[in-house]
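The letters A, B, C and D name the chains in turn, as written, and every chain counts its residues from 1.
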């Protein structure tokens, strides 16, 4: 974060451009008929944008210790547990 | 041990450093905040206990003739809410954890002292909101707030109770956050992860649950309050909502919450047993990792509360299988504690009696959990007194026994005074007897099929209910005794030496009661955890700490 | 006070025997484990109590011991889990030819309607030795139909049907409790399950007979004008209902669902959700115009229009292929 | 009271640190790590807090896809897209403000902070306009809610069920409302940061509050990055 060697401003603007592009793509992709892939595309773009913000703007990329990454990954794991095991009920409720 | 009989010169400590209301209400000293929590938690414990006694008195007779139906429904609801959210969840982490964790790892204070004070104030605000709700009508939805009853059919103060618990949730989140950052960032030099006391390990696991679980019940309560106030349809089937979604979101937190209640008292037991057996803990790494395993697996099992609620048969299968995986770490812990006593040199002081009580009752509580996780049996016994007995064996038999054992074990360190040993052993015995007399008959009642939350019941259940009420009174007396002699010891107790039990651990190498910054110089740890052999054979390196 | 003091619940159904067997097995296993731990505690407490000059022997731990007391409990747990799951599956799949009773739970009472027409409040008369299937729904909050003597409990949810079944083996009168907290008179919402010998049951049946439920259903079907669209010939604007029950139905949006009780209920209350392919979504909703009892009668009538080909027996209802929406019998 | 020894440990290197070092931290580096680690843990609780809502949204979207599509179509997607762009710009200005503090460029730092807050206010303004539209169209759940005769996208002859559309709007208002509340709290934090920056409290060695405030702001931006596609673009294709 405080490595004054090279100025990160260039990378900040690059990430900023990518994020705006992602927003535009999301917006445009929604108006094209892709069937089930519509939501998949939207989620993929949103996740890449979120990763960009987390890695560059929130300085996860150059972070000194792996602890912060561990916190992020375990949080996402528990969120996945909440959704996956709830879906285990909702998806199979009409089988029996 | 306490050789210096002449009253030692009054050394300065965190209690006599400064006086006055502001020095208490605006303190950022983790030890004073722990005492503030101790007082407010004991207050709520006796309110919840009072409701419990009224419930037991009501159930003396099959016909409901002590209170009306509505009052009884409010009694068991508020007994549940006060005991769960205002006593059990904060008790050990906020009192013993706040006091001891910084000293045990050699730090001057928690990572965020001001947030620690904020979490106490959030607890007090939540407590005032809950008291106001109770005094102006109370709530009758059960502590589980099941919809659509809580959102559409109950005409009691559900919104106020929901907001009170919402605020108390943030107090719990902030305590968890504080502990995790402190354990990661504030350990003294030499205090490696494998030298951490198991008390700190179990609080670390508890904090993970507090951080990742509590927000989910916070948002669920927001949804219940929003649905009740604005008539939205999220959980109301008439408007297209699904009541089972509420149960999924509620139990996603509320099952890990029972591990928030039991893990800290497991930490206390892991400190008491090695000290009074004068032996290293058996299988340190396994006990430490089983705390983490309980915290992680605890999040995978919530729907075993919903086997008959209408979830799909296949989901019930998955959750039953996962529920058995969470039972293994608890079993490993009990075996390790028992193995620690093998070839030990066991003293029967009061903390050790509470540890015995914990081992006995927690084992029975855990084993009855296996009954409830078996799908076939759960269909019959869920929502009956079998479940009531199971979770009281874990929470009252386990968590409260551990809490009392911890209070006795560290009382000399907290107050600088010795409690009366004879009375303490008697109280431990009375609590053990009273507890079993209260809750063992409820297992039989449960299998007989007496449903929970009934204020009148068929005549054939009366004998067992009378036994249970008799036990409740004995248990009530058993809990009053410690409160009395602890207060008595503050005034008349003999001054306590720095290490009355000759225990291992950094907290026993500083003054009792400690100074505001815990240590004269920052301690350096060079010995393994629970090195009782070195302590007993005399050649133990002192952590360059005076006194 | 001591004349009626049972310590074990009455055993009056096939399921009760299975559950009791597993319960006794678990009692033995956990009893042995508790004794093992208590014995170890007592022996160690006595044997290794503090004696002057005797030091404790330090034992770090032993990996093999830790592994054994992790694997063995896990093994025992898996046996218990499997046994419990088998008992659960048997309890959860009602036989196809069970006689049906429609239950409507309402704040603080149980209303039951036999398929043969009898209506009962807070009591259920059933014959010994015949399977009975209960199709249950609630008018307000969540209740739970609990018969301790049959070891059976099933929550009754508003807005959908849930099913439970039992095979009574012993005549007698047994308790019926509501086991899910539902408000002021939750503890008053109780009743009796009266299991009669077949002869007495026939006598009781002929007593108050108002004709089968499907006959009432037919009357309502005509009154509400359903017949104008759902006609026997295929000219009606709605699909023909003859022989539809239990058979898969092709929907407009490509999904195929099974026409079970919940599908019929949902199509009456929320027609737009599952429109049969080849038909227009013109059916008005009857939400609020039809009471739960009338709904049960209509469902019974549609079912009586000729059963579809054999539904799969191993699950309560036939197998819908795609996860469909809305609320179906679990 | 006896004059006891000096209670406060007089460790030698106490005084050369900046006044902002709190008494219980040994070094400044330890204090900064603790604060950012603490904020990341707080963000974990926020993820689970919003997670409960996303889980409910996921389940109801699978149950009532058609009705959700119809309801989502009634919200102006271009407003949502501009809001996303506004938040992304505000994230950029936050990072520039931190960079300003690191190179002691006071003008860049304060300018960026002010820009960030302007973007935040712009976001709330657009959000307010959206809510006003919904209010006028009677799409606010409750007594005044009406969603009659709205065709399901892709099935022109089938109308959306008003009760299920009301669930979408309930989730829409709760999720965007909670996000807007977090935005207001963020603006409060940044006002406090602006006053501290104005008083020159931040130096290249000590600007932890800026970084911690930035982490919070980026998190609120990430939540919106997910809210936009999930709420606004459910079934837009013709």
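The criterion applied here is as follows: a contact is a pair of C-beta atoms (placed from the backbone, for glycine too) under 8 Å apart; a residue touches a chain by one contact, two chains touch by 3 or more.
Just so it is clear, the structure is predicted and the values come from calculations on it, not from any experiment.
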Most extensive contact between chains (C-beta pair count): B-C
Identifier of the chain whose CA centre is least distant from the whole-structure CA centre: B
Chain centre separation (subunit A, subunit B; CA means) in Å: 37
Centre distance in Å when subunit C and subunit D are each reduced to the mean of their C-alpha atoms: 45
Subunit A: positions in contact with at least two other chains: 67, 74-75, 78, 82, 86, 90, 92-96
Sites on subunit B at which at least two other chains make contact: 184, 212, 216, 244-245, 248, 252, 311-313
Numbers and ranges of subunit C residues touching at least 2 other chains: 92, 323, 330
Residues of subunit C defined as touching subunit B within the complex: 1-2, 4-9, 18-19, 22-23, 26, 30, 33-34, 37-38, 40-41, 44-45, 48-51, 54-62, 65-66, 69-70, 73-74, 77-78, 80-81, 83-89, 91-92, 107, 140-142, 144, 146, 148-149, 151-155, 157-160, 162, 175, 177-188, 190, 327, 330
List of subunit B residues in touch with subunit D within their complex: 9-12, 16-17, 107-113, 115, 173, 177, 180-181, 184-186, 211-216, 218-220, 222-223, 226-227, 230-234, 239-242, 245, 248-249, 252, 515-517, 519-522
Subunit D residues touching subunit A - in the complex, by the definition given at the top: 33, 36-37, 40-41, 43-44, 47-48, 51-52, 54-55, 58-59, 62-63, 77-78, 81, 84-85, 88-89, 91-92, 94-96, 98-99, 102-103, 204, 211, 214-215, 218-219, 221-222, 225-226, 228-230, 233-238
Touching residues on subunit D, where the partner in the complex is subunit C: 62-66, 155, 157-159, 161
Subunit B partner contacts - residues on subunit D that touch it in the complex: 1-2, 4-5, 7-9, 11, 22-24, 26, 30, 33-34, 37-38, 41-42, 44-46, 48-53, 55-56, 59-60, 63-64, 141-143, 161, 163-164, 166-167, 170-171, 174, 178
